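A single structure is presented below for examination.
Which chain is which? They are A, B, C and D, in the order written, and residues in each are numbered from 1.
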């Protein structure tokens, strides 16, 4: 009997098989091939409403069976974990039911479309955790090695105390006015536009890397193109439509400033109108003793400025984050043989399976997901009140930062990611 | 008799000889060497309070005479133009007196330390212009060739309608807590901190490149290090002090969002705490048909994305702005032989002398300078009211944009810079 | 019965499971998950000399069975393709036997350690092709989307006629003198050093992208550190050894100049001593109407200069090669969600399986592999004769370029990669 | 009496007023304005054959008088230094006569068009130096602050022992076939093409930065476009001609490999056909303990990799070479306010005037210039002998490196540039 077979299985069901479903499937397939996992993920069931399309997806993506109703899966005894990749308006119902049924849960971001749902989910997760049932939100960009390294360096004090944060998430897929509307431009289905879709990521990265949460914001939301052609059929991001038009009911651009729990000012932009920027998720953190800068368009690189170095030989170091002692790299290739977008999904599975096996809270927790939702909600409220500064009094601490750390000081509970 | 001698002289007096005085002197000396000017600048008088130090400066910088009181120079018949390089709190008095005495005026930015003074100066400039006496504000970054090219491309419609603007001005010279205080950290003398010193530049660049003014803002100002060592003697930017400490009464960081006259959202950051960023003045403008991006740390380059290009071969073009048909380059070197910081001061003199000779309003005018002051003032007021959005109803139009252009459409009065 | 099951299987055996075996396995596993393949790869047998280690590898990498002698696999009727990932000195024997036994063959580069072996393999491949048995060399860097796009643009005439090529392959893993020796620093086992290991890649890329082969070279080979510690046990690239030392019998640095079949001069450097360059495989091709530049350290980007654009707005375009109509991207993610090193191995399987199904010669063929070996051999001979220029009269044409194309003109037989 | 007037004057005559004459004039004008010089340069005479054009140039560039025959100036008692900016074929005659007449000499590169002339000039310079008459060659790129810093860091041992050098000098101004011929494409007048014009610079930089000379080369020279339109009138670099054509008798591309005195391999490319590269003079030096990389297209930056830094946080540092303690920066602006091409000419004057005042040999000396000519000559000879490796036995040592330093060890005589 092979070694792997000897490990206890972790039987997984996934709900949804679109963009995120494909990425999550790659995570489940890849993790045991490249990393030594304490449990053996079994890709048991894929859930989709259409039996034919679900069967085709299961076959392509590598799932053993198909179900058409997620409730059936929640009831099955042979499922240990439910991985939720459906649109945000369904997350609360599925996650809550799954946690109550004793299934571990991985939910793709945004955790929910409304703050009320997110609060309900976080409460359910806290209750489940008491019973050893664990949950995690899919902010996979935390698991880009360069981002994990950034978090480690902040936690190690390599940039001193956090002084300022600047973030941008720039895309351009709506910059063309003739791009048709979709569920993503419809507030009913998507909850919000650039703010929730991509702004959520930079808020989460700020929480993760700095070890502090956003404590107040002043925001504005703009819709630059207020009407779009109706897609003749669902055509995803790239389809072009006919002459009929539909309103755009979400924000195209979200701009906000704010402050972290420790008082550091921060500035954020999320836009889908930045021609030429395809997925430029950027964060720069200035500390009292240095700075870190990351851009997803150069995802295998972390730029680090060490202010203790004399100015004569100082400069941003372009660290190529592919060394054996960099986060997650032990599973992959020699130096310089970079990773891609989907590797974050593999790392997510690795961390999740290890946390479940150890009986420890995986991060980001539902509480971390809720914290992001609170920031987005505060931005929306501020935007509705002429950008008035809006506090988030219940901001709390990131789940991986010790409760005994004084505000503004970053003392992670554990030794950092990876 | 030589050709140059045959040109009518333009007799100049300069007030001040510190950092900006040195840069302006380089402009006056260099312009006739590299460009064909319609009038011959004569560097007649340098004004400084200390006769010895003024004499030394005049000798080093190339001025023929010295005066110790600017009022004397204003009265002299043999002076055509007064170039004001003193701290901002003296600008209004000198400029107003000079204009009234029929001298053309070049005033270094910030135009003034208060909005009231700026308004008074703009009124004086308007009155003087009626009598053919002209004035200009020294926003020299407009005259970096890559910035001028950006303005030309916007005016030519190469990025379509302006949709969004993002600006950063990042420096790090106050990031070290042990850097002593100076007049720049004292609100009395400097008026404001990062906001007025460097934030002013990105506001002016936004006005210049987009052809639209900022029409409203929501801002916050932070002072990250509230006390600094007292400099033992005046030691400029780099000196280190003793054990005595003084309060910092200006902002270290200014963050603001806003909108242009045409409705485009914009986001701005000015900071002196961004370790590793030495003079990263950045502006990116997104239009309906493309984008432009500039970073002063790569000052001979303009990045341009043409959205009409098929995506398969589209990408930001790194235009090295040193070709013969690029703005101002006809006076300089072959392609690839880049310019530096001080060249903007040469170009400023070129444009100013040509405008005076032609009897036309040079740009940026005092009205353009006032427009920047209004934005800074609105940021301060917003910051004092929990970042509430603050309109600038009197924003008007850039002086080089035709009054008949509909708001949000960029139809420059003339054919663009250079 | 599922759709995939209905496809005819392609039963694969792999020999070797080290670095390249892991990468090839990822290719076989991933290809059917992301691409629509005409045949269904079955990962049947992994061959390794140690039964225990082979079993562990098979389990981890996803192979159904294990064999300990590659000859057994060659004899089996249920194997359609043999994928050779062993060191270069074993390639000729395995590949020749497999082809003779009617198995398709994929062989990792370098195709062989000696020119004689490579010639024998190419002859065997040509004979096998007559019988419909196909073969391919694993130059996977051809299948980085940005590299494939470069080849397409050259073939489409987007840079005009090829005028010059410059290539670098810079690594630093031997720059530290205390790094121990390994089979890679032993001429017996590795054949050559930087020349064959990484120089081979830039020669193949030159052939691929330009559509022309190198027709003559002048070279020099240097060994910068002539002795290294003996690794106490085999420790791969990164281990540190004891006090015993062994000679380095291969080149650390290979420098060569040369010319393409059409006469264009070319320059090449391969080194393992370029501190800070982790895997900087770079190629720049200058044509009569433009240029292309690629650097693997920024692998999702192709830089393209279109000389037909007026100089005023011309510049290298940073094309982010992640658009739906870019090579191979249809199988992956939305724009800006970049790929990594291993994706080339997936694309290799996709192209190989499609070619086998279509009964067409996959590329690069063994003849293409032989062409690279001829260049490396000529470099070694030139280096042994004081860098005297050494012709390669039998250079021929790349297998994907039509035999009727005049030398120096790039008319690919097919429409370009993907 | 002013302080400057009290300094002893250094009366200068310049021969030539084209591109280089303009740049040298800027050096003479600017140096005393920005730096504290021990002697006061007086721009006394400009020499040009056409009295009218010379007078216009003198007026524009700031020279007091005009002569039409350089011999007249050599005879004048009131001239201390002759600055030679004419084409290379006139250098030997003017420089030799000037040195014999007791004038200090600054000669623009290339020092001469033939090796014989260069040898004669070096001999004349050595003889003159005995009498306190000094001479210098105008390799101004040495005086780009980032290049000077590179030299300092090598001399300080910051990259350990020099192991490898790679250089490129890429331009594109002949890539367009319709660009007319000029004196630069005529071997009679220019001596050589890319090799002597721009290849000379990267050879000198190698000597300067490494402290070692090139000791042998293997080269090839290619002329890619062998005929060009005749310029209708002299039109400089950018003019377009008619239908008549003239042969190109110089190299368009020079490729060479070689080795330094200490044995380190080196690789060089000079080309005028690299579309999109405007003035990409690049040098990268790998040492046993680090690396340095410079690109003139980013001229205010030096990239430095310190191999003593742990790999986890190591990376090329982008040093912005504008700090107060960087070479030459004390004369200029605050950090981040970068310099341009012409500043090297100012620094050249500063160093030359200081050396003359101190009675010390300025660098690069005529011996340094001769060393470059020897390398170029060896490249040409090698290219004529099928790239056979060609030794340069008389290579010697850079004039700023102590004669007691063992070959391959870099012990500068003085403390490094600036």
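Here, a contact is a pair of C-beta atoms (placed from the backbone, for glycine too) under 8 Å apart; a residue touches a chain by one contact, two chains touch by 3 or more.
Keep in mind that what you see is a predicted model, and the values were worked out from it rather than measured.
Among the remaining chains, B is positioned farthest from chain C, on the basis of C-alpha centroids. When the interfaces C-D and A-D are ranked by C-beta pairs in contact, the top one is C-D.
Centres computed as Cα averages put chain A at a distance of 35 Å from chain C.
For this pair, chain C with chain D, the centres built from the Cα atoms lie 41 Å apart. In terms of their C-alpha centroids, the spacing between chain A and chain D amounts to 54 Å.
Along chain C, residues 277, 314-316, 320, 335 each make contact with two or more other chains.
By the touch criterion given at the top, residues 2-5, 19, 23, 25-26, 29, 32-33, 55-56, 59-62, 171, 173, 237-238, 277-280, 296-300, 320, 322, 324, 332-343 of chain B touch chain D in their complex. Interface residues of chain B, counted against chain A in their complex, comprise 159, 163-164, 166, 168, 172, 175-177, 218-220, 222, 224, 253, 255-257, 259, 264-265, 267, 269, 271, 273-277, 284, 286-291, 305, 307, 314-316, 382, 386-389. For chain C in complex with chain B, the touching residues are 149, 153, 158, 301, 303-304, 306, 309, 311-320, 323, 325-326, 335.
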